[in-house]
Every structure is written in C-alpha cells, then in structure tokens.
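Structures incoming, each one as structure tokens.
Heads up, the next two complexes both have subunit A, just with different partners, subunit B and then subunit C.
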Partner chain A sequence: MLEAEVLVIGGGIAGLVAAARAADEGLEVLVVDKGSGATYQSAGVVDVMAYPPSQGLFLNPLKGVEVTVKTAPTHPYAIIGRGNEEESVRRVKEAVEYFIDLTSSGIRLEGDIERNVILMNTIGSFKVTCLAPHTIFNGKVDDLSDASLLIAGFRGLLGFNPAFCASGAEYIASKFNVNLKEAMYTWLSHPRLRKFNLTFIELARMMDDDEFRKELGEALRKAVAEREATHIALPTLGFESPEENMKVIEEEADVKVFELISPPPSIPGQRMVKILEECVRKRKVRVIRGYKAAGFREENMRVKEIILESGEKKIPVRVGACILATGKFIGGGLTEEEDMVKEAVFGLPVYDGRGQPLDERKIPKLLVRDPFSQQPLIACGVKVNPQMKPLTLRGKPYENLFAAGSIISGYDYVKERSGIGVAAATGYFAGLNAAYCLKR
Partner chain B sequence: MEHISKILAEEDISVFTSYEAEVFSQIENCQNCSLCITYCPVFKATSQFYPGPRGIADELSRNVREFWQTKDVVYMCTLCGRCQEVCPKNVPVPEAVKLIRAKIFVQRQNLVPEQLRKLLDNISRYGYIFEPMDREERVESVRGRLERLGLPYIEDAPLDGSKGKVAYFPGCQAETRLLEVKEAGKLVLAKFNVDYGIPEGWKCCGLPVRLIGDGATADTLQKEFFRGMKDAGVSEIVVTCAGCASELKNAAKRLRQQITVRHLVEYLFEEVGIEAIREKATHGGKVRVTLHEPCHLSRHVGRYVIEYAEEILKALPNVEYVGMESADECCGAGGLLKFHFPSIAGKIRSEKLEKILEAEVDFVVTPCPLCVVNISEGVTRRKIGISVDDLTVFLARRLYAG
Partner chain C sequence: MNAYDVIVIGGGSTGTSIARDCAMRGLKTILFERKDLASGATGACAGMISGGVKYALQEPDFAEMCTREVVYLSRIAKHIVFRTPILTAILTEEELKLREKFVDTYGTLTRKRQASPILILSPREARKLEPKLSPNIILAAYFDEMFIDPFRLAVLTALSAKQHGAEIRTYTEVVDILKRNGEVYGVKVRDRLTGKEEEVYGKIVVNAAGAWVPKISRMAGVSQTLRLNKGTHVVFDRRITGFGIICRALDGRSVYLFPHETGAILGTTAIDIFTDPDDAEATYDEVEYLISSMEMAVPSIREARIVRVMCGVRPLIAQWWIPEGDVTRNFKVIDHEERDGVKGLISVEGGKLVVCRAMAEKITDLVCEKLGREAACRTHLEPLPGAEGEVDLNKLSLKYNVSPHTVSRLASRQGALSQNILACAESDPSALTSVCLCESVTEAELRHAIRGEWGKTLEDLRRRTRMGMGPCQGFSCAYKAAAILAEERGMSASEAFRELKAFLTERCKGHSIVLRGSQLSEWEMTQAAYNCVGSMDDVTPLED
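Let's look at the complex of A and B:
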C-alpha cells in the first residue's frame, strides 16, 4: 500500500506550492495529478490583485488586497488574514516571496509586489499583472515611452496578426499616457516554418534552435534598420531557453527584444508549471502524473485513505494529511452533473461567491449572457475556514483535509487578476497548516 | 430490417453503433485549446503535414460523417494516448482514431496502407501478425540467443487442463521475432515455482488487427482465445507484451470474462513479491539501468504497472536504477507506425535515443518487446554502446546468469 504523510491532489500552482511548503517542514509529500489543468492555459505571469471586487484598477496589488479584505469577507485573501487587513497583506507578501524564491532556479521573475504593470498580449490588448518572467517583463508599457515598437508576425501563425497588435499597442499607450512614438509591424517567414496553420508551439520549438534564432535575428536587423525601430515584440521566445534566445536575437538585431503574452495553451504558462515541478522535485517531493483521485475513506472526521485510480486499478493511499488543489472546471475539481455543480473527490458542498450554498435554481442566475461581464459561476467552490480546511455537509471540516487554489470559493480570478496570487497564498498556508496539523 | 440494411450497404451508408456514437460525441468536448499538440510525438517529428490530435478532433467535431477526410492523419497516429491524458476534457482521440481506421477498413479498403494489409495476410495464413521462422531455423535461433545471453533452455510446459494453472501467453513478437522473450518468460515463471502452461495453437491477441481496422477479425480472434482459455480451465493469464496486456484486458472486460489478465510485471509484484525477487536475483555485475515506459502499459493499462516495474528494478541487487527524462514518451513503434511510416517512427525514435544517451546508462529495459525491437534498431544504427533488453529478459539474466 502506498503511504504519504501529506498527499496533494492536483499539480497546478497551488498544489505544487503547498507540496513544497509541507516538504520544507520535513514531511514526506506526494503529489498526484490526473493530467493537466488550468495552469497550462494561464498566461504564465504572477497576478496578485488588480481589480478588487466592485472596484476599479489598483496600481498597488497590496493596496488591492487591503481593499478586498475590507469589502469581501468571503474572499480567500480575507480568510487567510482572519479578516485583518494588515495580516492578510503580510501573509500574501510572504507567500508570493516564497513563490519567487521557489522558482528562482528556473525563471527570473521580475517586478515588484507593490506595483502592477501593464503588459501587452498577442491579441493587441493588455493585462495588468505584478510579476512576470524577465522576457515578458521587458515589454512593460511604461518602458515604451519614446520607443518605436516593431511587432514581428509570422506568415501563417494562427491567432496572431501583427498589424492588429500594433494598432492595439497604440491604443494601450494612449490609454495609459505613455508616449509611444510609433507602433509598426512586419511579416516574417522562414523556409523551415510552415506558411499556413502554424501553431505557437511549433514556433516556440523552432526558437530554441540555435541556427533559427540567429537567422531570425539577422532578418530582424534588416527590418529594424529600414524602420528605425528601438524595440521588437515577438509572439513567443521559445520553450526551453527563452532568456538565451532573447539575448541572441538582441545581439543580432541590436535592439531591445521582448515577448508578448501568448494565448492558451500559453507557452509561458507551460514553462512555468514545468519549472515549478522541477523545483518542487528538488525539495524531495514526489510528483506522479496520470493518477486520478476517485474516492476516500474517513474515520471520526479524519481522512484516512485516498483511493487513486490508474486505468482499471484502484490504489488506496494511506495519508496523514491531504491537500485538495484540484482546481475548478478546467482542472476537474468541480464537475457539472445534470443541473448541479459538485466537488469531485470528497463530495464537499459547493458555495457561491458570496458564501451561500449553491442550489440548482441559483445556477442559471450565475451565468451571464454578456461575454464581457463578470460570470459569477467562476467564484463558486468549496468554503474554507481560516485554517484552509474545507467545510463538509455537516458544517464541520475534516481534521486533516486542507484546500488550496481555485477550488476555494469567493473570488473571481478572471476579473480580479488574482489567479496565481491566491493560488500561491492559499497553497503556502495549506501546506504549512497541514504540516502543523501532523506535528501536533 | 433486412431490407433497410441491404439498402444501407448498397448506398455505402454506415450506421454508428452506440459505442461509436458515444466516442464521437465525447470528441465534441474538444475546446480547441491545443495543449495536446505540445505533447504529441508525431506532431513534434512531422509538424509540416500532421495537424495533431486537435486537428483530428477538430475535423471530427465539425462533421463526423466525413471521417475519411482524416484518413491520411489517422494512419500517422502512434495511438500513444498522450493527448487524452493531458486533455483537460479527457477527449478520447486515440479511441476515435481506432474507430475511424475501422470504418475506413470496412468502407474504403483502398485507403488502408499497403503494408498494413500485408500484415493482415499473415494473420489468416499463420495466426501471427509476423511471418514465423520455419521449425528448424527457430530451434537453432533460440539456442543461439540463449547461449549468447547465458540462459538455460527449458521445454514448453503445456496447459493440461489441471486446476489452478496460470496460462502464459507470449504474444506474436516473442514467438516469431524476439524469441528470447518467450524463453525468458518461462524461465522467470519457473524460477518462482509458478505452475504455468503455454496454451496450444494460440493466435494473435487481436491488437494489431484492430489497429489496422479489421474489427471483425479481432473480435473473432478474441472470442476464440477466451473460449479456448475457458475450455482449458484457466482463470489467470500472464503476458509479457505490453500491447497484448492492454488489448486482452480490454477484451476480457468487453466480453465479460471471469479471467484475469496481467502483465508479468504485475503478476510478479502482486503474487511473487519484491522480497522473493530480491532474494533470487543473485547474478550479474554492477549496472546502471533506465526504464522506457511503453504506452500500452503506462496509459492504456495504468501508471501503476510502471511503478511496479520501477520497484522491481530497484529491488535487484547490483542494479542502479536511474530515471530518464520523458520516459513515458512513445518510442515511435506504436500504432504500427513503424511498418507504414518508418521515417516518422525513426524521427520519434531519435528523440528517444537522445534522452537515453542523457541518462548515461548501460541498459535500457522496457516491458514491451515491440519497443525493444524499435529502440535496439536505433541503437544499432547509431552504434551506441547501450544494451536494450526486454524487462523479462533482463530479469531472467539477473535470476540465472551473467
């Protein structure tokens, strides 16, 4: 029989941070993951808080956290600080700094936790975020003052039009009062790239090729000389070695180069999970993919066993503590059954964003037809107490079950831009609390 | 009813079975997120003309009836199952590929690649997917192979109908090509005093036939197989091939058989136990070993078999087990790709070889003879000084000789 002191269900940001934190306390941790969740689709930048509930844009994420705690008592940020604003801010900061430190051997995350920046994406719009990998952070809108930006497109690349993106850049610059001199675009092609149906993944793989990136640099140098550009934006800078690729192209083309935030499945998002997994493995955490948590056994409100499913086989794992980090609809933590939303592993009750129990009649009201408005269904999930323990149907939590990440209700990461911030903060404290719970 | 089916046949119209309808409706869950193409080994090797799993799902979810538009694509798939594993919506692309191949086989035989049709001839002629050697040549070859490996020869034990016997099913590859795997399987079972017998006159498990698309023949083969096993009073089957393991497990479930099918790795771990293996594996010097994970075990059966295989390797004295990066990526032999698109299979294989080289090992072992043949072909071509062994053979060598 498999055994683990701490079993983490889910291998996204929240699960991996929780695993690393519990392992730091000297515990033996096992992470199981059934496939790939929402983190692979995410932008690969660290959002903390940009638009607190029913507020406008905040340029200081920590101020945003403070306001959130004041206005939304069921928000995970409010729960980790037990309703105290200063405590919440301190804890979010601690968790995000831990995340930066954890990933530092693989990604150079740049930025300041007290300052949001505006970054451009491949569809010519912008994203407000706090920390980003060096290659993306280089293109923050503030830095583009007095710049002549050249956006390089590739013939046949699906979902990326440099002309469209350039007009978007001009709009963003005027919106945020940045004196962007000019936004230009150019079309590139290369004999080794397909001229139709080219995907971001192929382009990214190609970028990692030594010859290709040099040739691309040369082609860009010509384009830069013609148009007197000072900055180049590329749709992606590769999978394996984005920093190095950026340096090579910068040297060849002799201008500043940066990467745009790419659409799902985002290359930076996939890079981030991969690196985080490596970093977590270094801390002696065992990560196994391809296992699905299918059930559990409890005794006296303590989770004793988790049943894992691998093919036809059911494998019980004896656990000391368990962390539920299964995500929402994309990750598979919440499942839609007929007219009801259910928590998939433990059958925990699901609550809406305001902390009220969800029932069948409410669900249609939580879905909004207008694609640009907020979708309240995103904010539903399990309800946790200040120790990060999810409540059961009996109202009491299991003594050794913790929750982390987007399975927790009370926040809308899409609107707030708080995805990785909440994941890291809840993961950090779920891991820490699981360790305390076992030591006691 | 008969009249209707006659018209349908004349008009070349096929009706979905409920299973097909279910699979194709699940295909519609594809959100077009493209995550699968990051992982697809064929896409990595041939992006110029292969749209990847998403492409298959894409064309299928628009218009299932026009499924032959995907025909050039479905024969390029290795059916490794990686796409379904990483898919957030668990879209069964590999199953759909199998079904389309079956549809094409029934309705548009001319679209089936020549090489695959030739393989089918072997089935009707010999019962195996490959042409067997003649008797004397085979005896000689077995002798030579065993001598080279330093293993003894034991006679085939028959299934005599006595109760409690385990049936050992070696599979076509071990019967006709990689002869030592069959011998090693017998040796390993004998070493642990397992009361086993080899069924007489056995035929292909049906997997390659199903991959070619001939579902009817595959069904017949499997029904016959399980009938034979039932007549012989068998309730437990052990196989040494990953493909046979996954296909026979599925077939047993589909045909509602009360017979357990297990891969030798599963059988050893669950019935014999790690301690007994550690005790008896007294032979052989110090070696560094890595494990290639066959798709048919890690994804079509379940990851737990791979864990078992790792535990067994770790338990062997003097064997240093090293993990390999992307050990679960396909070696290129899957989906019969090696027979009709050897160039693509070769490209996928060279990626695998890079990873093997990085691991700096003496041995690559894998519990699948098909992977062994493919990887060792690559190793020989590139003149790499690494031995490729089937896990069964490797184990037999640790149990019997150097």
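Let's look at the complex of A and C:
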C-alpha cells in the first residue's frame, strides 16, 4: 500500500499549487493525475479577474476581485477572505505571487496583477488577461500604438490564418482605441515543414531547432524590410525554449517579436503544465500519472484511504489529508448521471453558482440557449467553507478533505476570466490548510 | 431580363428536382430558397430512400414508384448513395405476427430493386452479426435499404439545374406573389443578405416550399392545409452498430438506429404541430422516447454519446383521424387554376425524399402542358455532377499524398469531381490542410463549396461538406472555416465573428435539450475556447 501525508487528486494548476504549498510546509506529497486536463488545454496565461459577475470589463483585476467579493458572497474569492474585501485581495495577491515565484525557474511571467491587458490570439480575436509569459506579453495591444504589425503564418499549419488575423488586429485596435498603423500578413514555408496538416506542436518543436529559428529569422528580416514592419507576430515561438527562440529571431529580423495566444491545442498551456510539474518535483513532490481516484474509505469523517485505478489495476493509498483538485467536466471532477451533475470521487453534493444545492435539477435547466451568455452550469461544483473543506451530504465536511480549483462552485471562469487566479488562490490555501490540519 | 417560364419556390429535394427537370426540358427557370438548399425537412431527414415496402399493401402503385426511384437515384447519384444492412429486432410473439405481412410483401419487391432477400435470423445468428443487440430478442429479420446524402442530393440537383441554364438563388425569400385578374405573374423577393427587394416575373409559379406551402399559397390568396408533423433525430458520435436496427417503439410505432456517415442516427418521432414550422423544436421527451424505445433492442444506446438533436417538419397530405404512420406518403400536385381559379400557380403536397425526382417529373409535365411545350423528362437518365465516372481512391491518395480516409470521405460527397478538388494541391499543397478533423474536410473542399456550390454561411458549408457535424460539433473547425469564408467572401473581422457566433449557436441548440456524458467535456472546451480565450462573448460590432 502506498502512503502519502497529503494526496492531491488532479495535476492541473490548482492541484500542483496545492502540492507545492503543502510540500513547502515539509509534508510528503503525492499527486495523482489521470491525464491531461483543462490546464493542458488552456491558453497558458494567468487570468485573475476581467469581467466580474454581471459587470463589464474591469481593467484592474484586483478591483474586480473587490467587486466580486461585494456582490457574490459564494464566490471562492469571497470565501477565502471570509467576505472581507481587503482580506480577499490580500490573499489573492499572495497566492498569485506565490504562483509567479513557483514557476519562475521555467516561465518568465510578465504583467501586473493590478492591470489587465489585451492580447491577440490565433483565431483573429483577443483575450483579456493579466499575466502572461514574456513571449506573449510582448504583444499586448497597448504596445502596438504606431506599430506596423506583420503577422507571419505558415502554409499548411492547422488552424492559423494570418490574413484573417490581420483583419482581426484592425478590429481589435479600433475596439480598444489603439492607433495601430498597419496590420499585414505573410505566408512562410520551409522545406523541413510538412506541406499540409502541420500541427502547432510540430512547428513549436521545429522552432526549438537552432538552425530553423535562424533561417526563420532571416526570412522574416526580408519580409520586414519589404513591408517596413516594426513588430512580428508568430503563432508559436516553440516548446522548450520560447524565450531564447524569440531572442534569436528578434536579433535576426531586427524587430520586436511575440507569439499569439491560441485555443487548444495551445502550446503555452502545455508548457505551463510541464514547467509546473518540474517545479513541484523539485520540491520532492511525487507525481503518478495515468491513474484516477476511483473510490475512498473514511472513518469518523476522516478520509483514510483513496483507491487509485488504472484499467484493471487498483492501488490503495493511505492518506493523512487529501486535496480534491479534479476540475470540472474537462478534468473529470464533475460527471453526469441521469442528466444530473455528480462529483466523481467522493459523491459530494453539487451546488450552483449561488450556493444552492442542485438536488434534482437536471443539466438542461442549467444551460441557456445562447452559448455566448453566462451558462449556469459552468459555476456548478462543490461548496467549500473558508478552510477550503467541501461540504458533504451529512452537512459537515470531512476533517481532512480540501478542494481546489474549478471543482469548486460559485465562479464562472469562462465569463470572468478568473481561471488561474482562483486555481492558484484556492490551491494555495487548500495546500496550506491541509498542512495545518496534519500538524495539529 | 427577369422574366421566366417557371419560378420554383423552395430549395429542398423537391424544389431543386423541379428546377432541374424544367431546365432540362428547356424552360427558362429560376429557383428561390429563403435559407439554404436542404435547410428544411430535406436536411433533417435520415436520408433513407426506402423501396416502399411499407406501402406495398395499402398503396401498391406508390410502392412501385418508390422501388423504381431507388433504382434511378442509385444510377444518377451513385456516389452519394449507399446501402445499409438492417436487422429488425423482434421482441415479442405479438410483434412477430404484426411483422409477418411485411416479410411476405418484401420478397417480391426486393427482386425488382436487386436487393438481397429478407432473412429470418435466430437470436444467436443475429447477435453474432450484431453483438450490441439485446439477448431478449426472439427473432431478427435481415434486409437492406438504400440511403442517400440528402444535403448533397439537393446541392447536386441544383448544380445540374444550373448547368442546364436554371438560376438558383439562395437566401432569397419570396415575400409576395404577384397577381393580376386572378392570374399569378410573378413573385416579389427579398435578398436576405442584402435586404434588397425585387420583382421577378414568370409564367408559372411552382410552390414547393414543403412545410411552408400554405404560407406561400396564402400570399396568392389561396387557402391550403397540410398535416404538419414533426420528426426528431438524435445524432451519435460514432456508428454504434454495424447494422441498422429497427424495433418497436414504446407506443407501438417503429423506431430505427442507422449507422450514418461517421455517426449514427436514431429516429424518429411523429408529432402533429400547429405552430409555425419555423418554431418547431426537438424536446427532452422526444429524446427520452427514442432512447427508451431503442434501449429494448440495443441496451447500450443509453450510454452512447449524443452529439446533437435535430428536428424537421414533414409536409404530409392533410389526412386526419388516422395515426401519422397511416397517412399516405404519396404526393399530390395541385393545379390552383383548376382548384381555386388562380391561374399560373401549382403546388405540391406530401411526398418523401425517395420520390423527389418523380414529383418533379409530374409537376414539370403539368408545367409543359400549360405552357404548350413538348419535351420528354430525362432526369432519370442523366447523372448528377460527380456521378459521371469512377474514382480511383488509391490512385488519388498516392498522387496527392493524402490519407485514403480523407480521399474516401471527399469522394463520398464529390464523386468524380474529387480529382478536380484535389488538383488545387498542385499549385498550393497547403490547400489539403484539414479544417474539420472529425469529418476530414480539407480547405480545398470548403473553398470549392463557397465558389461553386452557393456556400454563403458556415451552416451552408456544414451541409455541403459535413464540416462541424462530428463529435466536437464545430469546436475545432468553426474558427478556421470562418477565416476561410471571410477571405473568400471579403468579410470584415466583425462580420466573420457574427457568422462564427451564428454557427456555434446553431450547433449548441441541441444542448439545452440534452447534454450528457463526455459531450459535457466538449461543451466546456467550446465555452472556454470561444469565450475565455476567443472573447466571442465580447465582440460587439464596431460603430462606424
């Protein structure tokens, strides 16, 4: 039988931050990850708060957090500060700073937690966020004032059309009142690249190649000279060494270079998971991949054992404390049974965004027709107390079970753009509280 | 000149067939479709072109016609026609008696359409063929039916009409019928994309608007009643069974589960509706009725992944006091001069997909008679575009270095024209990049649909290429296709975003009825990608 002082179920941002934080307290931590979840698919940037519940765009994420605490008492941001705005803001800041520090050996996150920025994406529109890897942050729309932007595409690359992105750039500039001088595009090709159905990861891997990135820089220098461009946007700057690749290309082409945000499959998201995992491993956290938590045993409201499962194979793990960071539907933390939402591991009761139990409410009742309106289903999940302990059907929580990330109800990461902010904050305090609970 | 011999209203399988027949007989023809080709009942049906066995006892002539039409369609549209073997699962003794007659009449008809004979299989034999069948069946009857891609049928028929000189105008709505001294002399239409209105004159107006026939007739001051009947289909992510399965529904009707293209389709319901057919929607009850019914024969159906729910409205002939299933599927051509004293107007009621060509033939005969023209129908002889020759899949796959799967999917839609589409790669190999990964649709095929098949919106591209119809329901292809559409049609970013949102809204329609199992993860992914990362919830059109 395996043993762990703290078992974290889920290897996304929330789980890994919780694992790192618990390990910081000197505990022996085991993370179990069943496969690539939502973080792996995410844009790889740090959203804290851009559109607070029923509000328009907020330029200051922390002000957004404040408003959220005031208007949405069941929001995790409100819960971590016990309803006190200043306390919430302080705690969110502390957690996000911890996240920046935690990942600093692998990602240079740029930006300011008190300022949201507009970043262009590969689908021709934009994303609002507050911190992003340096290679992405360099392309923030504010910096494109008076710029002549050249968007470089690769023939045959799946899902990137620089011509459309150029027209999108003009739309974004006028929407956000940025005086973009010109948005141009160019198509690149290279004998080493597949002629069609080239994937983002193939291109990213190629970017990491010394010779390729140099040649790309040279090709771009020519394009820049012809078009008199001042900035170059690329769909990706590589997987292993984006920062270095950017520098090489910038030197060759002699203009500012940045990479665009992209929907899944997103390279920055994949980079973030990889780096976070390296960072927690450095803290002596063990990570088991390919297993999922399939059952548990409890005694007197304490979780004693978690059963891990992979195919037919079952491994019981004796645990001191457990952190549930299984995510929503993408991660598998929430599942469906007879049209109702279920929590997958412990069968915890599921609540809506306002803190009301779902009971017999069926999924279609939690959806609205317009896919661009707020979907109540997104805010469903388990309900936590200020210690991040999820409520059980018996009313009171298990003494040693904590929850983190999007398995928690009360927030809509899609609408708010608060995904990593809440994941980091709830992960941080879940990890810390798990440690306290064991030490006591 | 905007004066025509014939104006056809409706771009479904019937309307396009009429336009084709009229044009082939040398009539100056124009067709108006309010939305897109095959966007009504044609696009919501299962694509079965039944040999008509069901009608053999009550309506032998009609059954004969169906059988004949299957042969014609297999000939003129061979690349979009496919054969599906079917097992009728019999669960009770009582049901066995009911099915007996069916088995008898089937035999004689199958010989005529060169189909395999019906076979009665023991439960063991049947389950060996189709392991997903319930162990509770007492018998299974094996036969087969032909199917057609209904979207392609309408598009190819319209293309053929165009090649013979007809004009096809999609997104053009008839807003009025022009009438003088009791005689129809044309229509007033509105271009729904530009808002422009114009009058178009014609000697004969043919109302083939399906469920909207009464609405059009009203414009000419004619009262017409149909029995509008809603049918709902549930679409699954994979073929589920190798055989089509038919079984008795909870209320004694029949329901079916057919493997269809890359997925499976479960249907159908039959509910009389009395509202505007535009407002017809699938409901939770219909989905549950279908699943609970099919569950008796295929127990695992409840666990299968539903990707979509859709409905269509059958324009049945107004026979009442009998169940929907007993209403004739034969059609009626109405000469409004004879019936209502309105000269120049013809309409069609009832009918079904398989007889669309025959309906057109009968109507065109009447049109010719009225115009004093003599020309024989040739629609059953000449192939539709793409059906003219054979395609060598291996050769094409090797020549263009595309996967055999991609080539075979392309050929199932484009037939002999596949070669021309793949030829784009000679000047630009990147044209073979997949846009829709679920259905293996290339950029070249999408551009072809935009340039040569009246593809104006993303929904149009879906109907023509199956883009966005797979398990991801547009999540990974919608934005890619929007960029191509914008490029081809010179749309601004703002217009393209609006188009993208309209497409995704349509794709998500079924979700508010049923969203289960792993489709929830796909749904969350779409939400996150398009709103959280793509900000489609905040791309308001800019003011000038």
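We take it that the second predicted complex is superposed on the first by the 436 of 440 C-alpha atoms of A that agree within 3 Å, B and C clash if a C-alpha of one lies under 4 Å from a C-alpha of the other, contacts with A are read in each partner's own complex, and residues count from 1 in each chain.
Just so it is clear, contacts are C-beta pairs under 8 Å (C-beta built on N, C-alpha and C of every residue); 3 or more make two chains touch, one makes a residue touch a chain.
Treat the numbers as computed from the prediction; the structure is a model and nothing was measured.
Trainee: Counting residues of subunit A in contact, which comes out ahead: subunit B or subunit C?
Mentor: Touched residues of subunit A are more numerous for C.
Trainee: Looking at A:423 after the superposition, I want to know if it touches subunit B, subunit C, both of them or none. Which is it: first, second, both, neither?
Mentor: neither
Trainee: After the superposition on A, what does A:35 contact: first (subunit B), second (subunit C), both or neither?
Mentor: first
Trainee: Once the shared chain is lined up, is A:372 touching subunit B (first), subunit C (second), both, or neither of them?
Mentor: So A:372 only meets subunit C here.
Trainee: Is A:348 in contact with subunit B, with subunit C, with both, or with neither (first, second, both, neither)?
Mentor: neither
Trainee: Using the superposition on chain A described above, determine whether A:270 touches subunit B (first), subunit C (second), both, or neither.
Mentor: In the superposed model, A:270 contacts subunit B only, not subunit C.
Trainee: On the A-aligned overlay, A:330 touches which partner chain: subunit B = first, subunit C = second, or both, or neither?
Mentor: Touch status of A:330: both partners.
Trainee: With both complexes superposed on chain A, which partner does A:201 reach: first (subunit B), second (subunit C), both or neither?
Mentor: First partner only.
Trainee: Tell me the contact category for A:220 with respect to subunit B and subunit C: first, second, both or neither.
Mentor: So A:220 meets neither subunit B nor subunit C here.
Trainee: For A:319 in the superposed arrangement: first (subunit B), second (subunit C), both or neither?
Mentor: In the superposition, A:319 contacts neither subunit B nor subunit C.
Trainee: Same subunit A residues contacting subunit B and subunit C, which ones?
Mentor: 38, 41, 197, 264, 330, 332
Trainee: Given the complex with subunit B, which residues does subunit A contribute to the contact?
Mentor: 35-38, 40-41, 194, 197, 199-202, 205, 264-265, 270, 288-291, 310-313, 315, 330-332
Trainee: Quick one: in the complex, what on subunit A touches subunit C?
Mentor: These residues of subunit A touch subunit C: 38, 41-43, 47, 51, 57, 121, 123-128, 155-159, 161, 163-164, 167-168, 170-171, 174-175, 189, 195-198, 261-264, 266, 328-330, 332, 334-336, 339, 363-364, 367-373, 375, 378, 413-415, 417, 419.
Trainee: Could you pull out which subunit C residues touch subunit A in their complex?
Mentor: Interface residues on subunit C, with respect to subunit A: 284, 425, 428-434, 476, 479-480, 482-484, 486-487, 492-494, 496-497, 501, 504-505, 508-509, 511-517, 520-521, 523-539, 542.
Trainee: For a test of understanding, state which residues of subunit B touch subunit A in their complex under the given definition.
Mentor: My answer: residues 33-35, 37-38, 44, 47-48, 51, 85-88, 90, 249, 253, 298-304, 307, 328.
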